[in-house]
Amino acid sequence: MLRFVVRRLLQLIPILLGLSVLLFAWLRALPGGPAQAALGERATPEAIARYNELFGLDQPLYVQYLRFLGRAVQLDFGNSARTGRPVTEEFLERMPGTIELTLFAMVFAIGVGIPLGYLAARRHGSWLDSASVIGSLLGVAIPVFFLAYLLRLLFAVELGWLPGSGRQEVRIDATRITNFYVLDGLLTREWDAAWDAFTHLVLPGIALGTIPLAIIVRITRASVLDVVNEDYVRTANAKGLATSTVRRRHVIRNALLPVATTIGLQTGLLLSGAVLTESVFAFGGVGSAIFDAIFARDFAVLQGFILILAVVYVLVNLLVDISYGLLDPRVRVR
Amino acid sequence: MIIEDVPPDAVDRSGRPVLEVDELTVTFRRRGEQPMRAVDGVSFAVAPGETVGLVGESGCGKSVTSLAVMGLLPRRGVQVGGSVRLDGRELVGAPDRALRELRGADMAMVFQDPLSSLNPTVPIGTQVTEVLLEHRDLSRKDATAQATDLLDRVGIPDPARRLKEYPHQLSGGMRQRALIAMALACRPRLLIADEPTTALDVTIQAQILELLRELVVDSGTALVMITHDLGVVAGLCDRVHVMYSGKIIESADRHELFARPRQPYTGGLLASVPRLDGVRGAPLHPIRGSARDVIPWAEGCAFAPRCDHAQDDCLTEVAGSTVPLEYDGPGRELRCRHPLEYPRSPAGATAAGAAR
Amino acid sequence: MQRRPQRVLAASAAALTALTLAACASSDRDSGSGEGGGEEAQSGGTLVFGAAGDPAMFDPAFGSDGETFRVARQIHEGLLTNELGGTEPVPQLAEDYEVSEDGLEYTFALREGVKFHDGTDFNAEAVCFNFDRWYNFEGLAQSPSASYYYQAVFGGFASTPDTPSIYESCEATDENTAVIRLTQVTSKFPAALSLPAFSIQSPTALQEYDADNLSGSEDALSYSEYALEHPTGTGPFKFESWDRGNGEVTIVRNEDYWGDPALLDEIIFRTISDQNTRRQELQAGSIDGYDFVAPADYQTLEDEGLQVLVRDPFNILYLGFNGGNVPGTSANPALKDLRVRQAIAHAIDRETIVNSLLPEGAEAATQFMPPTVDGWADDVTTYEYDPDRARQLLQEAGAEGTTLRFFYPTEVSRPYLPDPAALFQVINQNLIDAGFTVEPTALPWNPDYLNAVQAGQADIHLLGWTGDYNDAYNFIGTFFAEASNGQASAEFGAFSNPEIFAALAQADAEPDASARTEQYQEANRLIMDYLPGVPISHSPPALVVAENVQGLEPSPLTAEVFSTVSLSD
Amino acid sequence: MTAIGDVRRRRIDELAARAGQVPEGEGGVSLTKSAFRRLRRNPVAITGAVIVVVFLVVAAFAPLLAPRDPLAQTLLGEIRPGFIPGAREGFPLGADELGRDLLSRLIVGSRQSLLIGVVSTVLGVVVGMALGVLAGAFGGWVDTVVMRFIDIILSIPSLLMAISISVLLGQNQWSLVIAIAVTQVPVFARLLRGSMLAQRGSDYVLASQALGIKRSRIVFGHVLPNSLSPLIVQATLSLATAIIEAAALSFLGLGDPDLARPEWGAMLSNAQDFLSVRPELAIYPALCIIVVALGFTLLGESLREALDPKFRR
């Protein structure tokens, strides 16, 4: 097992290197190059010259790349053009929110998606089946900002059940420790703050969760349909096992393997899906930061965030592969 | 003399058959397609300790028959007719619960492909014990103990360790042994083995067959052996039913069948198997064509198109004029208008001849 | 040239900023909750206000955008401010002032007994300390993105002899008298002192927290500890905290304020960039008000019983032409022909634009400043909507089907330009109808669009301006004054028109108010004859608050005051 | 000796026969045949197909079908802040925020959406195929290199990828398409490689090799054709996602800068400012996107099921 993990970790290195090359190239390819990216089109030639020698942009590319890499390794991606703060600082400040949101969305997607997909497969061809297929499609197809608008209209404006934006009711002043608001609330025993922070996750979480939900439903359905046709399920039935045992031990367990991979993939994708969701919910996370960065052409932030997110994404998928190894003995040994 | 190997006491010829299959028909109805009759009026019986072979090319309906007996055919789109009785209990149309109680306990099945028939994500141990836990009220501990014992009986070395392993860690033979162990866990009255050896190397095949025979013999279990391989039949079965496109076309005791196949199809099958006692250098005679060129039974004999002895009356245009399965001497039944003929000779002699 | 981009930002910016101290009109008193009555009953509570963006920091001297000033104006005060709900400069920290004959020396009599939030006394030294601070900015602080407003009004710095400053000196003749000397007369002064950028801040705090220490690069300024955490002014509210992650700025009542203390305990400015979210959050009651209401929403919101506070229009939206003299750009030469410019002017259907695209109360513009500004002339040449005339003019100029590269901004909503895309599409259609060929270019507002049009890359472009205070030069001066060696700014293609330049310079240097007004009217006539662009409209931006919010007076400068605001229940 | 020779010849003949069979032999044909039989009987497939066909027809004949000029701001004069004329004589769905006929814009808009969907998917397929074939056909280090590269692309979440690319290419109609295409490439590459590797082991390929058939001929003559069906399925599904992603990107302001040209995604994001006045402006384009996406997906899914042997039981 350990060797499996180590090997996968080693496989990351080339990917991350390639990634850094890509982003390095990206920044170089931007109209005006990195100096302009950092200083903006208004930068005077002198300013650009100053910047170039300051960051050694007058040196051969490979040297520049190594410098870039060196700084990237130390998580130094320069300063945001919008706020003038270090990119990494901004990221760390906003990451907890996004993690909370992503977790909620994923729990929602899994909690609803797997049972729904399973039922759909069990009742293959029934109205429930077609409903779940179509529903999952709506989930993917409906634009987030529109969904957000509808959700807020219903639950925030009309019913007033849930908060429609932000991470915490502004009038509550909660103690901050980890910047994971729900967690903070629990740690500090400020139950109301924790609960409030949680309710703030619901609407954006659902809006964000619809896409993975849709996909999980589809995958679960498909893979259950596959598994029930497997010989070993027939064997299980031939053994006269109780239906519940057959389903639990022989159908679901195996059907979940592909779902696990999807979940990993989706969790990673959520990080970028958050760009739209967070901004329409004024949710102070990484996504909304990227959204602002796009409009402010804040390349330093875009570059830094994209690289870090990509790394996170890769790591998440590594975790999934490992857990997959735990689930499926065949992978483990190979 | 294989037949003598079976100790008389194990086989209570007195008792009524364990399994009685009567006019079993299985029809597949797919949305839009016209119904397909995979098994058509099949009847046979198996006595305790007896081994019966269902022989035929792939697609002749032998596997479907076995699944029908076990009640493992999907409920939707499949229609099972006729009657299947296990120790007199009607299985056709019995509620799923009832069937589940019987399966694994009173009747068990061993499947063709041992790898795909084992759950890859569950340790062998669990897969064996779960049968015991399901049908016998045992503690986990006792179940494990019995499982170890079972694996040992089916000849898996170091069973304690194997229990913890996963299917992919076992060799093909081991897997099949494990499957057999599961099937026999609760000492079922009826065991159906569907091509249990086809997926295995020849050497292993022999071992597995030997194993099956031993188990059947000393447990008095009734065994139904589904196979296309007459070699297997020769080694194992007391009675043989040859199936063709959903119908039994010839039934006989093993030695009768081998000595004097009547149905040309059976003859073909035998002729296409190299025989040790066959004449040196005598060429093999494969059956012409393939199972694909089959005509509906309704129009005479489905095998006719491929049959060397076929004559015009084998193929009548009149619907419903199916060639019937008729009495063909003691212990024999035959479905053929122009069977193979043999010079008359005393029954005893033939038996001896067959065995030699 | 460097400063042009911020100019536009600053405009709407400053527009959001004036703070006035006049006691709130009696009307709010009545409308206050019945029981108790008077301020006691109304005072207290927290107001949450939905802002469209984050402030940059809280040191107005470095400020150049509206969200920054919106907050800064509650914390800081200047010598002058704007009249409540109006545009006229009125005394604030100065009780009044005198101007010398030559108009170069201003003597400010300062309000007594005023203290900064950190307890430091407000006095003449404090005033001069601030003036000298600005004058002595060094390094990054001199970059236009840092001290735009100072440079716009006073010119250069102590350390930049080549670009001289009109600021000469500030002298504290006694505890409460500050004398400020200029090197030349300008109509900007002292009106400009009502700008938030010239707020007087606590010398102690400025020094203690190293206010002038900027780092980073010109466009990625990192501000000082003072600007980010310890802004200290004399205003009715004190800076409390800034939660950058959630975009929440909290300010609290300054208990020992020299004037009527603020009624609210606390104001939280919360950034919600999506305007639908802002609206729904107000409807859901989780915020008490927000700015930049979409014109389409005015009616809906009022129907729901929310108070839509419409400001008097104090802005101008125009279509700028490229004079074609900017080196390195290739403007359509046809625009050098007056008839082509007139053709465009006749082609545009201002009425429809005003009626269909702009909020109620918007009016078509005849010149580059709103009627409320002194110097507005009622007799300028006007160009009514007349496609045929346009086509004809185009024909005469022999420029039928000439191609105009039409730039317009995206991702932005300005007080004068609520929906650029829509406006573009309508004008686009107008021009095509009049026989032009249009080559559209859409760019994100900041920085791409501003940079492009400021650099004269467009043939024609949409832009606008919200006044900082009631001064004609603040409008037409900013647009059409001579930028360098006999040419106007690159935004207008550096056209060269000595008459206009002269007229503007003369008016700006005229000490006598009425004479100045005359001269500005003349300038307007010249401009509308020369037609460097087409003035389109003045539109009234609005903000909206919940029913229970009292005493918020909409300001034409979009510079609302929150100290008089209270929440009834 | 001769005997041995005979044996070898016979074996090769057998192999050759099998090699010939699988691609265009009965197996293949009856497979696709039966697949279509199944499709024709599957209501889901029919629904999907109908939607897609209607969409294609509308897109193809948009100019003829559109009752009015989608650009003419006919009712602009009646528009007031907070009021947009609704359905009426000659304007079945009412006007948009500039007094243009909403129905006509929706109809003509289908073209853009189709264009974006098709072009980006085709781009994705072509490049993906190239890479996939490279990896699948040669294997070895080529495979490793290509796959690493693809992993790298995959490691950037697609939306971020699209964003980076449109930022890079600046704002024009094609940057959107390319951005989406790039996000599709890895999918197709992996898919193709996968199914090709699966076949590399298969008997008929071994046979062909035994017969000394040129690698290129094996790849393009046998392996590729047999790898196509999953590719087709995926492409159908990608069309849906492409159209959806286009909407997301134009919401991020990275869409087609020419506002006059009607496109569903752009219409949707423009409608935001009028949600309180006329939500229809958003609802109709949203519906169009959803329905078309639905159509392609239903078709794709049922294609998958039809072609998948597992579902033939």
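The chains carry the letters A, B, C and D, assigned in the order they are written, with residues numbered from 1 in each.
By definition in this document, a contact is a pair of C-beta atoms (placed from the backbone, for glycine too) under 8 Å apart; a residue touches a chain by one contact, two chains touch by 3 or more.
Since this is a predicted model, take the numbers as computed values, not measurements.
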{"item": "Those chains which touch chain D and also touch chain C", "value": "A"}
{"item": "Pair of chains joined by more contacts [C-beta pairs], A-B or A-D", "value": "A-D"}
{"item": "Chain closest to the middle [Cα centroid of all protein chains]", "value": "A"}
{"item": "Centroid comparison with chain A (C-alpha atoms), farthest chain", "value": "B"}
{"item": "Whole-Å separation of chain centres (CA-atom averages), chain B against chain C", "value": "93"}
{"item": "Distance between chain centroids, defined by C-alpha means - chain A, chain D (Å)", "value": "24"}
{"item": "Intercentroid distance (Cα basis), chain B paired with chain A, Å", "value": "55"}
{"item": "Distance between the centres, which are taken as Cα means, of chain D and chain B, whole angstrom", "value": "49"}
{"item": "Junction residues of chain B, two or more chains touched", "value": "none"}
{"item": "Shared-contact residues (touching 2 or more other chains) in chain A", "value": "145, 149, 291, 295, 297"}
{"item": "Per-residue overlap in chain D, given as positions that touch at least 2 other chains", "value": "253, 272, 275"}
{"item": "Chain A residues touching chain C - in the complex, by the definition given at the top", "value": "38-44, 47, 51, 78-81, 83-85, 93-94, 97, 145, 148-149, 152-153, 156-157, 160, 163-171, 179, 279-282, 284, 288, 291-292, 295-297, 300"}
{"item": "Touching residues (chain side chain B, partner chain A) in the complex", "value": "70, 72, 96, 99-105, 108-109, 111, 113, 116-122, 126, 130-131, 134-135, 166, 168-169, 179, 182-183"}
{"item": "Chain D - residues contacting chain A, complex", "value": "44, 148-149, 151-152, 155-160, 163-164, 167-168, 170, 240-241, 244, 247-248, 251-254, 268-269, 272, 275, 282, 286, 289-290, 293-294, 297-298, 301, 310-311, 313"}
{"item": "Residue ranges of chain C touching chain D (in the complex, touch as defined)", "value": "275-276, 279, 294-300, 352, 355-360, 410-411, 419, 421-422, 424-426, 428-429, 440-444"}
{"item": "Chain A - residues contacting chain D, complex", "value": "14-15, 18-19, 22, 26, 29-31, 130, 133-134, 137-138, 140-146, 149, 218, 225-226, 229, 268-269, 271-273, 275-276, 290-291, 294-295, 297, 299, 302, 306, 309-310, 313-314"}
